[in-house]
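Below, subunit A partners subunit B and then partners subunit C, in two separate complexes.
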Partner chain A sequence: MVENKELIKVVEETVSRDDVKYVIGYKRGTYGFQIKPAFAYSAEDAKEFFYSPLCSKNLATYPLLEEKLPLRRGEEAEHKKIGIVVKGCDSRAIIQIIQEKGLEKEDVVLIGIPCKGVIDPKKIAKRFPKQSKFVDVEENNNDEYILEIGGTSHKIPKDELLSDVCKSCEYPNPPLYDILIGEAEEEFQPEHFNRVDELEEKTIEKRWEYWEKHFQNCIRCYACREACPLCYCKTCMADLLEPQWIRRSVNLSENTAWNVMRAFHLAGRCISCGECERSCPVNIPLMELNKFVEKEVKEMFDYTAGLDTEEKPFLGSFRPDDPEDFIS
Partner chain B sequence: MSTKKNTELEEFEPNIIGFLCSWCSYAGADLAGTSRIQYPPNVKIIKVMCSGRVNPMYIINAFQQGADGVLVSGCHPGDCHYTHGNYLARRRVATMKKLLEFLGIEPERVRMTWVSAAEGRKYADVVREVTEDIKKLGPMTKIRREKEW
Partner chain C sequence: MEQLTLPKEKLPELLGEIGSKFELIGPKEENGFLAFRKINDPKEVNLDILLSRVPPKSLIFQQTETLFTYAKGKDSKIQTPKIDESVRVIFGIRPCDARGYDIIDPVFMGKKEGDYTDPFYTKKRNRSILIGLSCNEPDTNCFCTSFDDSPANSKHVDILFTDIGGTYFVEIVTEKGEDLIKNLSKIFSKATEKEGTIRKETEKTAIKAISRKMNTEGAVEKLNKMFEHEFWIEAARSCIGCGICTYLCPTCHCFDMQDESTLKLGGRVRVWDSCMYEEYTHHASGHNPRPSRMNRVRNRVYHKFNYFPKNDGIFGCTGCGRCIDYCPVNIDIIEVIDKVKEVNV
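The block that comes next holds the complex of A and B.
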């Protein structure tokens, strides 16, 4: 369990360092179970930081949004670090970004949080709809979430609210961190992500029916792209006009092209934080695509993303003995 | 690209897009032509500098624009003009085929082969095989674009 006092103390210390520009973390939202990203520029700002199982957002997206203004002649760029509060998956996202040279290790200070899994905001909002005030959720040692609404206290089994990907999380502790808050979680046996298996057992026509149904709903808001810590290209292929890879019209053909493209660009990069699926307004099961590709990449090429900053990117490297049974 | 309308009486003639690498497979196709080997005319060739140039989005875009199958062909491993372009292509196509299969699009519609500049005969055989395979699968309409005008 992460103590908020300890978190605030660490953030205060970090932000007071001379080489740190600001620290990104979580703060309480205004209503319901919403949490907001918080930016601490001074020790004063750190007081509103908190951590609870509601903090599902992946903050690794933010350092890449940092605006780099053009410099005047003779001026030098400011080399200051950004502090980020990271869970296990966020830390892997940072590792993956460093591996792709999107960031330097020296650019960031990672405040690691051992994570016990986060609550799916869709599930909890469905269970307790229309909350006009912020409700915090705590976790006890018996795998239950405790929350208080209007004076009555609720106890809910963890399984009912836990995000699906968190059940099969293999790295609850951040593999890369500078400061770790609290004690590392014990190793626990991750469940198998069985939604992929269920789909794989279906026939090819049934599978297409399933995806056709979902892709038809896609409104191409690109929320999956914006929430993803690894979709950080300055110009996305989906936005290009010349050549135009994907037309602007929202129909099955273009939606499928977009979703295939998104899944393929995350091949060997996705660290399964589940942000795409949680942010999707029409509930497309995007993690099924990501988890499937992750599994195939692991099986065929023995490659796991986001563990080693020195490893070569999956699609930018090869081994001469890669499988080629499909080639004649 | 225009999609040919097939009446039910006519036999289905597949539209296949072939991405051939400039150094081996395209020369192989050239050799098949100059050697006057007979092979089906269904493969429409697009010359690329290397099979590693084939972005998997090319494959999806081909399907969107009316292709029934896609053939990616490059130099044999180790023979690539750019030393390792075909190795990169191999990873990409392998992953893409798996992904398409998971989505419910027949992975047999994407075919990858190694054809060297001396293998005109092999190229003709490959084209014959691909055309037959895709004839069996029938037209690919799952993600085809609707008529735009």
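The block that comes next holds the complex of A and C.
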């Protein structure tokens, strides 16, 4: 359990440090079960920070969204750290980025949160529709979520609202952090991400039918890319015109190319935060692609992304002793 | 305006008849959300979900429109696709989405005689007969009433259906609507005065159910004075730069032109574009007049709440609430406008 008082105190202390520019965390959203990314530039700003099982958003995407304005003559770049509130998967995203040299450890101060899993915003909004005021959710020790709406208290079994990716999470505690809020969660036995098995059991034709049904709805808003902490290329291949890998026409063929290429580009890099799937406005089950690739990478090369900053990235490493059972 | 009624159980019969005579488009559930699709069987129509995920602007201002195609070589000829001009009925469109068409019509169809009209948009718009459906149960982020609109406004459709419990109250609004009804068998009855009263009460109840309100009073003038204000840096800080708010907006209408070719064939396509993308204003020179997210978020707000009112005398927002519903970081346009009004300039 994360005590908000303790979180605010830590954020206040962090943002007051001379070497910290600002701290990113969560604040309450404008309606329903929405949360907002919050940016604290002063101890005062830290007061609105909070943490609850609603805080699904992976904030690791923000340090790389920093816009560095061109410097005037004689001006020097400011080398200050960004503080970020991170759950297990968010911390792994930062590790992965550091591994790839997108960031340096010195660039960030990680405020770790031992995570008990987050609520799927789509599931809870469906269960309790039409909430025009913010509703917070707490978790008790009996694997239940507790929320109060219009004076009535509701107790919901955790399993019904928990994000699918969290059910199969192996790393609820941040593997990398500077400050940890509360006590580390006990390691629990994760469930298998069975949505991938269900797909694998289908015939090729059925599988294609399934993806066709989803990809034809893709509107190519690129929310999956923008929400993803690991999609941080300065110029995405989807935006290139010369050569043009993917046409701008929105149709099944190009949409498939986009979604499959994105999944490939995340091979051995995706840390399973589920942000792409959560952001997708047309309900494409993107984590099924990512989890499938993750499984392949694990089975063939015994590699897990985002665990150690010193490790070499998956596609930049060669280990003569990896399983390689697929080579006959 | 002719006022009729139709028992609810007769709706499939009506849709079946429309579908047999014309192309019928309607709201259909697909992968857990609503989409406007061709209706082959009246059973496919879903009227339980309020709004389609992608607004029906996509039926007229298509996400991908092929403007012309060509073949390479000696006999190469440019071919323009023939645009279907036969009548098409769009059933179940909500008043706010229909209003979206009215807002972007001047962009593609011109404001006065002699203005350029885009043939693709114009022909699709003209061939469409809109049968609207009033919203009896507005959703969390509906705020159409903030723009003097109503969840049962008949002004933007040709025919409006309002569910008055067991029966649809049917208002024939335009000549186009009248012509359509004339073409159909006589399954409608004349509405009684009592039914008219129930319809009005239903509208009142729906209006009351709208809990969110955007206070637009003075917003245009305030925005005139705060273009350079640091408020915009704050407002855009959490924006991740995806295109959801613009692609799901019934009034966003920006597009990009692309030439797409293979070795032998090619074509020019018009595809949706979004001012939320860095690439949107990226010049060939390398310069970008909107280099940061602050510039881009500011542009979206200004276009809807300053440029649109100044150019066309109307806000570029229908209050459908989609941008609020689907923003991954809860950038809430109602809150943005509220905060604009609080800014000291």
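FYI, the second predicted complex is superposed on the first by the 316 of 328 C-alpha atoms of A that agree within 3 Å, B and C clash if a C-alpha of one lies under 4 Å from a C-alpha of the other, contacts with A are read in each partner's own complex, and residues count from 1 in each chain.
One rule holds in what follows: a residue touches a chain if its C-beta (ideal position, glycine included) is under 8 Å from a C-beta of that chain, and two chains touch if they have at least 3 such contacts.
Small disclaimer: the values here were computed from a predicted structure and weren't measured.
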item: Subunit B versus subunit C as contact partner of A:Asn251, first or second or both or neither; value: both
item: Subunit B versus subunit C as contact partner of A:Lys213, first or second or both or neither; value: second
item: Touching partner for A:Lys130 - first (subunit B), second (subunit C), both, neither; value: second
item: Partner chain in contact with A:Leu289 - subunit B first, subunit C second, else both or neither; value: first
item: First, second, both or neither for A:Pro320, with subunit B first and subunit C second; value: first
item: Touching partner for A:Ala227 - first (subunit B), second (subunit C), both, neither; value: second
item: Which of subunit B and subunit C A:Ile119 touches, first, second, both or neither; value: neither
item: Where subunit A meets both subunit C and subunit B, residue numbers; value: 247, 251
item: Partner subunit C, residues of subunit A touching it in the complex; value: 29-32, 34-37, 39, 57, 61, 65, 67, 69, 129-132, 213-214, 217, 219, 221-223, 225-227, 239, 244, 247-251, 275, 278-279, 281-283
item: Sites on subunit A touched by subunit B in the complex; value: 199-200, 204-212, 237, 245, 247, 251-254, 256-257, 260-261, 263-264, 267-268, 289, 292-293, 296-297, 300-301, 314-316, 318-320, 322-324, 326-328
item: Residues of subunit B touching subunit A in the complex; value: 56-57, 60-61, 64, 77-78, 84, 87-88, 90-107, 112-114, 126, 129, 142-146
item: Of all residues in subunit C, those that touch subunit A in their complex; value: 30-33, 35, 53-54, 63-64, 139-141, 211-212, 237-238, 240-244, 247-248, 256, 258, 260, 269, 271-272, 274, 277, 279, 291-294, 324, 326, 328-330, 332, 334-335
